[in-house]
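Here it is: the structure, laid out below.
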Amino acid sequence: MSVTTARIMRPDDANIVGNVHGGTILKMIEEAGCIIGTRHCNTQPGLSQDRCAAQLARVERTDFLYPMFIGEVAHVSAEITYASKHSVEVQVHVMSENILTGATKMTNRAALWYVPFSLENVNNVTEVPPIKYASPGQEEEGKKRYEAQKMERLETKERNGELLMPVSAPDRTTKEPYTVGFSQSSLIHLVGPSDCTLHGFVHGGVTMKLMDEVAGIVAARHCKTNIVTASVDAINFHRKIMQGCVVTVSGRATFASNKSMEIEVFVDADPLIEAEKGKYRAVTAFFTYISLDMQGKPLPIPPMKLEGDGEQRRFEDGKMRYLQNKAKRLADKERQQ
Amino acid sequence: MSVTTARIMRPDDANIVGNVHGGTILKMIEEAGCIIGTRHCNTQPGLSQDRCAAQLARVERTDFLYPMFIGEVAHVSAEITYASKHSVEVQVHVMSENILTGATKMTNRAALWYVPFSLENVNNVTEVPPIKYASPGQEEEGKKRYEAQKMERLETKERNGELLMPVSAPDRTTKEPYTVGFSQSSLIHLVGPSDCTLHGFVHGGVTMKLMDEVAGIVAARHCKTNIVTASVDAINFHRKIMQGCVVTVSGRATFASNKSMEIEVFVDADPLIEAEKGKYRAVTAFFTYISLDMQGKPLPIPPMKLEGDGEQRRFEDGKMRYLQNKAKRLADKERQQ
Amino acid sequence: MSVTTARIMRPDDANIVGNVHGGTILKMIEEAGCIIGTRHCNTQPGLSQDRCAAQLARVERTDFLYPMFIGEVAHVSAEITYASKHSVEVQVHVMSENILTGATKMTNRAALWYVPFSLENVNNVTEVPPIKYASPGQEEEGKKRYEAQKMERLETKERNGELLMPVSAPDRTTKEPYTVGFSQSSLIHLVGPSDCTLHGFVHGGVTMKLMDEVAGIVAARHCKTNIVTASVDAINFHRKIMQGCVVTVSGRATFASNKSMEIEVFVDADPLIEAEKGKYRAVTAFFTYISLDMQGKPLPIPPMKLEGDGEQRRFEDGKMRYLQNKAKRLADKERQQ
């Protein structure tokens, strides 16, 4: 069971230099995942169960292996690779095709977790039909990935609660360049019909695109160059966002090595009409950016000027993540040889 | 050699009742055709030829067999079925999939002709690499279709010239309901970067979407009900439209039977900056609409009130097309049995 | 010399209740103005002058007379009514048409001023070809309007400089409801290709749409109801905004009567790449909103809680504008009788 979507990259999908935004790619990945997840969760022959919509619960860490450009065709293929009782894992591959030269490249590999919600009662999670595995080993592997992400989701939920202080506003008149306060940015977006599924849930891909947009502006304000998304940390969607919300997306620099910088992004949802429900933190994640010159060659990242204990602590945490990911990449490389 | 694109239908793709606009589907069809046409015309191993972009030259008559709705996934698959020296024929199938019930339907079948233009010199047509046919009969059939459309294109070009009088503005204060003048409509659109290919050509699909929009307004003004596109006559793209043009798209009712009405649509392009080049007629076509009640059941079309010889003559011509298409559909049906 | 554009209002053009956003209408008004302004300024028979693009310089105060809804067709007609040596005045009328019932209403009347900039050298203003007036009186009237707006632009420029303090961030955890700080909002937007003309200028209409978006969020946060744009103060575009800028749009409540509230909106442009140019204030304006219940009946506006001298002073200024506009409306009404 798989699905492939494809479309040409247009000027609006890219920055001025022609690099397709990471957020555009994340949005396409999620759309393919949503199609196959919803399709699978509604195929339950012989069982009397509610129709349901697959909602994005988590995206595993994703690397952007190669840049994509305006005029290229993005091919996004999605496949269901594991099913627990109440969730499915979807693996997605993105290929870029230059239709003029015929060159193709794999630009992304991603894994997403979806949970089916009943369309009769939006708060009920429905059961996922089982899938067939090519081998018992395959099922075993999937189960391990399922348990690992479950534990990580619980951990982040706690960390998330702790972070519920508001991110203060960018202020470039009093802040010095290269400080966190100087590049810090936020946007607000009123959720519209074309951001939502038929049942009024905001598509996970729309949220990720807004997150990439803010992270990109933070990175550009820090580097003042052509910046592109290099990777995205695992993203957990703790709470649903519905139509009629105002979404505030804020980003701040947390860590910079010579080669890349990390930006923490927060998504807060604020129901505009049913305001008594109150504002809530829906998603957080770390985006990593690299800086390029106009020919696409990497440039060094300007060092960050840290102010205060909080910034210092977050920088150390970011450095830890940076070193862990580097070690993991090296280990993967060796294993493949 | 084939390509499949797919995406979920969103509220903005549809009218208030939830029916996806015919123009949305035509745009997706053309995008798939453009991808495969451009890809094929650039695969000429061993030959030193300019890179090129496949430009839409003609769309054969297309029927909309079933309606598509918001929330369904449209799968569009395109295949190259004939190659002449300077053009390719692309056949496209559109399937709708209800990811909740699993129901799928073929909603459209279309055939498009593309001509490759050099990217070095936009006025040069490049050569098309040959394709492999499954059988000699297949090539023979393709050649017949090629000759037939070539002749028709030449004929339309002449008819087209004759019609170059401007369609005046709608005037609902002095015109009586059900007259041609009452429902006549036009819109203008300033071509922007996201309407265009990388090289500044307006996508054929963008033009067809605007044509369907105007035809839909004419039909809604005449019927005052939920109207949907039933079919589109062969569309010939006589002249290219480039970025920076203002496009005027006008539509007028030409014929109405009890079950459907025909609307003639004109596309005129007007270079805004290089105004001395003058306005020119780029495309014309006939769109056929049916009227539905809110449950999707067909309603009778109100009879047209004709005024003057021109309207009478166009009505007779429309009737002829209507009867010919009806006869052709019957013949096709019989042949299939 | 006139032009009429028309298009159907879609779900994304409107809020959840179906009211078309004031910003959508302002954007359509500006698009029609840009087409006719650019067309006129490029028709200079016999003179050797640079090609040019008409840039929006000012929009006169505009009232939203009736609401527009999803599914209706907006007809926007624009006409050049005065030409000075370096600017043109365009008058625009907006009609809403319910294509099912045939009902039409005039929803807006607006006057815009455009200045032509050379495409060879973006900093040069070109000369405007003269227009023909129906009577000498008409030219005289136009000249008076020209002189009046010229003076007002100069005045605002000064006032504008004075206001260049940053609007601090909204903070709904520590701020009390109904204070200015509670509803204060800002968004950032990275200018993309579809926001711009062919030559990389941001369309004035795009800027106005973002301004209406922020003002609407401020009003909704204060009232927590369905709010709609009632009027927009004269808007002066002091400086051009180009592609590749990040635009920060901020809004704060300044005045509220029982029936309406006024929101001040600031647009700051920040060149992302050529950062040495520095951030600058490009536009400011006052938007007035009214609050409606779900049936579209007016609701009273909750009184504002003012804090500090600055807020008190701005409230008094807003009250003055409110009373002046009220007096002007009454005078216009009497004169018409």
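Labels for the chains are A, B and C, by order of writing; each one numbers its residues from 1.
To be clear about the criterion, contacts are C-beta pairs under 8 Å (C-beta built on N, C-alpha and C of every residue); 3 or more make two chains touch, one makes a residue touch a chain.
From a predicted model like this one, the values you see are computed outputs, not experimental measurements.
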Steps needed, at fewest, to go from subunit B to subunit C via touching chains: 1
Rotation in the CA alignment of subunit A with subunit C, degrees, nearest 5: 180
Separation of subunit A from subunit B, taking each centre as the mean of its C-alpha atoms, in whole Å: 37
Where subunit A touches two or more other chains at once, by residue number: 11-12, 193-194
Residues of subunit A that touch subunit C when the two form their complex: 11-12, 16, 166, 168-173, 185-190, 192-194, 213-214, 216-217, 220-221, 224-226, 243-244, 246, 270, 272-273, 275, 279
Sites on subunit C touched by subunit B in the complex: 3-8, 10-12, 31, 34-35, 38-39, 42-43, 51, 53, 70-71, 73, 97, 99-102, 104, 119, 193-194, 196, 198
